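Note that subunit A is present in both complexes that follow, paired respectively with subunit B and with subunit C.
== the complex of A and B ==
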């Protein structure tokens, strides 16, 4: 499969920019097909180890042939052929007997099946288990965007995609503020009703654009649902200008009620959990946890804070700095110092990306481990979470619902200047893999290496002692009750 | 707990209306042995409301919250009581602030007073309903472990003893009861457990009494445990007489079901994470040297007593007279929800996690 890997590196940049929504859809479909085919292929080969080995050898032999033509033409065919083979064997032999040798001896019929070729190659740098999450890479520029995308939305989207705006609540607020601009900039075509035209023809492209920059969070989803609901309930006789004013007011009210005031209420409640002599442990950075700690400090409690942080975002640094500036006693530890941190802590405060309906917490990756350690040490694990982040979804693992960030974020800083040009590298790769010193930055050229950079993980409800939301302290089992109360009746 | 007393009126009755809510509360508790603390608190508040001429909504709410504050100040452990007063306050707020309530305030108020009485009646009747639900948890050949003088557990066991499949007077369920009784017991509470034991023995139910130290010893002969509750907290844990936690822990370790029997008016909006979070001052762990208690020299640990001292000598006297800081019989502990198999209430048998949902239903 190494050809595919190489080709991906080449094909990707060329192909990315000019994608219209229709093309995207087509591609997604093709990808799905390819994935399915790959799966079948795997199932075919997974039965016995020899089959895999046999194929690998065949793969190599084929590769050496490939090198001379040095053209993309044949590259894609190889996997295709294998698939065909696998399928044929599956059909003819049934499941049980698929030995490697038989597989190898099958006559190879060169067949030109082109359409899913590029997609087939793309797969290989994605971890198969998470391929449903990386349907499209994050948008970095405005090429191919819908013509109506408002500049504010575009700016907001890019700020989100490069983490200038980070955190579920902050992104939600930024989105709503951008939507206010969108509403103001919108001109209702003659003879159309606001509710009928605005949402599908003007708002949706904006949302799609934001989604293409970074998958939207649960809070954003809830806010969008709310916005669509109030638009749907608009009085059709209302003047256009009135409608705009009304919607902007409603958005302001939403931000005020569901986020600003809520944050204050939660900080108030949660700071009550911090007592004299407490040692507060926290992971990465959550705005609401920061607020809580600062509030407790302002109320005069004497306590210490331990911030555990990890790659790649190092959000905890900001938190540690902000707490230090406020005059708090802060200890900053890397993730590897977790066991040490847990020993001293009396309380673990966590922020949330979303609270799921089975009481599980979806939060920055690494949170589950921290929560588990705290739980094992009998330290209360407290989650601070606005009800706007409560979700009706249920997840048992962090595979189904997650976000894959660009793999490059996981790489360390490039070693300076000593890098060989990539073409050189490839030549080496083609000759022989072993014995060559290479850095992780060449991961795209290294066969069999995939880098997975997940954003979130899911913490089991058993680890969570208490969830603090604006309705008070609730056990994680009451998340669906609060969600119904807060997000469905709104 | 509030630190400022608006009106220290436990004995004097110095409210403008000359109504002494604390005395009323204690009188009610004494008059009716069947009444529980939250219900007594609610009844006292209703009497207070009936005796005082409040003319506006906010005046009424203000009065109720003032009376509640007095009540809470007057006793050392207001958890159980606050369940009742909070419920009543919430009920008042939701009723008085309804738009329809604006019109005729007097009739609404009269209605409230009437309905409040109804509430008290219903609360008493709840115990029978609970016994109806709970007796199905006691089967033939079971051995039941229980403690303390909970009236609702008593009525549950009595009901189980009397229940029968045929129409004969005697019960057909043969079970045995192990009663945990503290050795030194002269309080009213223990006489309550005496009464329970007597009632069961009269119904041909064999009852053994053991000291708390023997719980672990007899745990393997037990099929299930039943305890009452002073308060059921938001996460589904319970606050109950000291010793409940260790019984629950032992039951959990032995894999025996541990049921809490409680009326739903004892659900209280409190979310403790540990024993120290109950918001009451208990002098259970008292480090001493030859020079006396450690707490006296450490102002940080003094809490309520410290405040009382500052208020003046009279207050301390009252405090220690009515509620000696912490008699071991009055002390409570908090049992975490994961130790509890089920909570038997008049609205059904709930998992601990359902308590929070019930509370959300009441409050929002």
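== the complex of A and C ==
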């Protein structure tokens, strides 16, 4: 699938010529107008539709007005949705302009209301508590993407949304590698400074595209911040080719220093915690925990590993296979077996999505429960985390900062004749007479049924005994200090 | 839950149907095999099957005095519990029935003692030894082993057993021993309507004929001894049967009774978290949903119960097999909560901690409640309860009294059952199956500290009060059945 996307991505920028600065300016203006119009629409309704947007805009406003009574609770969703619509229309407008037409009026197609209606229905499926996180579905194709999105970035984005590339560090590395290609493919327009043009006009659309595939992780954010910083500090006299070389070298250095070598250092440090006779409990899959365990195994420690795993990603299965292949004694439990797992464990090793500034750990959903159970069983909870994942953000619960994955991931495979348990069989037989047995796959048709598939949760700092990063073993309270040292001073 | 309707399939509904025409030994054996093969699982089906079986046992047996009846029930109970010790509902129901018998016997005894003084010289109490109970099992097993052939051994054993039991009998029923109504009238009165077909079986013991002479004579003596006394004791068996039928009704109505407390506990706009596909919890929430709007967060209990949970959420549910037993035919089903305008949010078990800060109440359905107020529930319950405790969210446990077990959890590990690992890692993942220990615990033990409230069919109680309810329903002497 990503191959096709890649091809598509490649085709798209090729057929679109570069915009002149004047055109770009015009487009930005149109975009702004559209946004403003949309906002006014939202507030004022039909009557106050701005004159610039003409009659059609008014029509649209009217239609939305009609819809309003229906939305009710989803009101909060509307502005963003409209904004997006407006953006799309603005983009198409931009294309129109390029093809010669110089209309001030935005050619808003009446049919653009249709998708909004479809979306509205979808939104009743959103869990209200998390509606701030469900702003838009993950991008699955290139439609509507910025024309400059580099094919490698597109491919990387799709791999991320499919979990082919999964894990905070892996995504960060993949992004940086894609950016290297982006930098190489970039052509500096005449009369522009690299730093002034590249970041806002070329890099930003790439980042936006990645964001639309899956919200970016803290490590990616830190890497982007770093990249922007070194671009901003570029010597303006440096030649374009030199700049590119320098940036690529810097990216390589970043990956090497902040991730590759760091991982080794952390694995070295953390493997010291695994002693002979230890029973290491771990949850889902973390590259760095895997490395730590393998390292301890290579150093000759005799220990056992318990892998606890959860739906829907089953990342722990990969970890179990990898450790099993290395010759370790592995026990694998579903999430429900957690209470059983902590009984035997002597050490809990966790990976991180991000370490928050208040010492809390943001990691794969379920980590908090594992840490809680381990804490209750008086098992040390150790987090292995590169400093690139340390964040300046804080969170008190798992609701504000989170990511909602598509609910469809939680559906079981469509039951086939062989897989179906006998109980369902009978239910089926009975129901077929009545003709109304539904499965969870029909969840969208069932009013009031919602499926929530969160990606992360936040583990309270008091459960965490130690955080192992490349600066050493620190308590969770030292996270902001390390963050300042590592990410803000770079 | 086994649900196939094919007549030969061993399953709960078929077992309950076959109870009517099979004789007792066959039925007991059938139930034991169902338990052993885990074709009947879960507290409710086990309790229903047990109570029906015991009803038959009591109805069929030609046992005329309470003590023998108790021994007989204990004997059957022992075998059932041994077949599946972790289905504690079986033992609980056996104990309840024993309690019924003891209670009736005592009432009888009191009445008799009140009306007339003790006329017979009672045997010394020291003769009432538990050894008589120990004798019952081997005797029974041997009789079964020898079948209708009635070899020497069972005969002699029967003699020794009868003699061993007789003094004990006399000592417990001192007041009326030696004076009881005639044996014939007892037979005619106590005969259960369904016993007409009993004679078919080789294991059944029809009155008089194929019993060995000595044991017959010994039992005759007992009967004759009982003959002389008044008519009030005559009904003991009928009373016991009434008691068991009451128990049967209690099992049927338990959900409705628990649900009737729903409005006392669920307020409007509440967010309630529940776990597994419990019928009791669904009924409870449905009752509340008739009056109030709230949100239900449902953890799916992967991998042991998630399919049933999904089905419950989507389609509602049906009342389990007991309907078939009563021949009522159509099963009572109920609609899903969503049809009542309740928002149901399905989450994987891992999301419980993340959401717990917004949950107002956790409702759990136990598998068994133990003597100290702790409980066994579907795997994952311990994590949920702990997360609730961490967030100071009240945990409410809905449990029928039949789930209360007098067993004290000295070793919680031994109470936990392990499920099928294939549910965790299917055979399509050959490498994992081959090289990794896959463990699938079916139940979690939750300490009483984590439970804030128990709601039983008798009302709501603090966990610390459960021991009283247990004491009310079971006799101390029945706590250990084996």
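Criterion: the second predicted complex is superposed on the first by the 347 of 490 C-alpha atoms of A that agree within 3 Å, B and C clash if a C-alpha of one lies under 4 Å from a C-alpha of the other, contacts with A are read in each partner's own complex, and residues count from 1 in each chain.
Heads up, the rule we're going with is that a contact is a pair of C-beta atoms (placed from the backbone, for glycine too) under 8 Å apart; a residue touches a chain by one contact, two chains touch by 3 or more.
Small disclaimer: the values here were computed from a predicted structure and weren't measured.
J.: Based on the shared subunit A superposition, would you classify subunit B and subunit C as clashing or fitting together?
T.: In the arrangement built by aligning on subunit A, the partners subunit C and subunit B fit side by side.
J.: Who contacts more of subunit A, subunit B or subunit C?
T.: C
J.: Quick one: classify A:185 as touching subunit B (first), subunit C (second), both or neither.
T.: It touches nothing on subunit B or subunit C.
J.: Touching A:230 in the superposition: subunit B (first), subunit C (second), both, neither?
T.: neither
J.: Now for A:466: first (subunit B), second (subunit C), both, or neither, which partner does it touch?
T.: After superposing on A, A:466 lies in contact with subunit B but is clear of subunit C.
J.: Is A:142 touching the first partner subunit B, the second partner subunit C, both, or neither of them?
T.: neither
J.: Mind working out whether A:248 is in touch with subunit B, subunit C, both or neither, as first, second, both or neither?
T.: In the superposition, A:248 touches no partner, neither subunit B nor subunit C.
J.: Look at A:485 in the shared chain and tell me whether it touches subunit B only, subunit C only, both, or neither; answer first, second, both or neither.
T.: Once the two structures are laid over each other on A, A:485 reaches subunit B alone.
J.: For the superposed model, what is the least distance in angstrom between any CA atom of subunit B and any CA atom of subunit C?
T.: Shortest inter-chain C-alpha distance (subunit B to subunit C): 18 Å.
J.: Identify the overlap between the subunit B-contacting and the subunit C-contacting residues of subunit A.
T.: Residues common to the subunit A contacts of subunit C and of subunit B do not exist here, since the sets are disjoint.
J.: Provide the residue numbers of subunit A that touch subunit C in the complex, in ascending order.
T.: These residues of subunit A touch subunit C: 127, 129, 307, 310-312, 317, 320-321, 324-325, 329-340, 343, 364-366, 368-369, 372-373, 376, 397-399, 402, 410, 412, 421-424, 426-427, 431, 436-440, 442-443, 446-454, 456-458.
J.: Of all residues in subunit A, which touch subunit B in the complex?
T.: Against subunit B, subunit A makes touches at 273, 276, 380, 382, 465-466, 471-475, 477-478, 481-482, 485.
J.: Where on subunit B is subunit A touching in the complex?
T.: Touching subunit A from subunit B are residues 234-236, 269, 271, 273-274, 300, 337, 353, 356-357, 360, 363-364.
J.: Considering the complex alone, what residue numbers of subunit C touch subunit A?
T.: Checking each residue of subunit C against subunit A gives 1-5, 300-304, 306-308, 310-311, 313-315, 336-338, 341-355, 357-358, 378-380, 382-383, 386-387, 390, 413, 416, 424-425, 429, 431-432, 435-441, 444-445.
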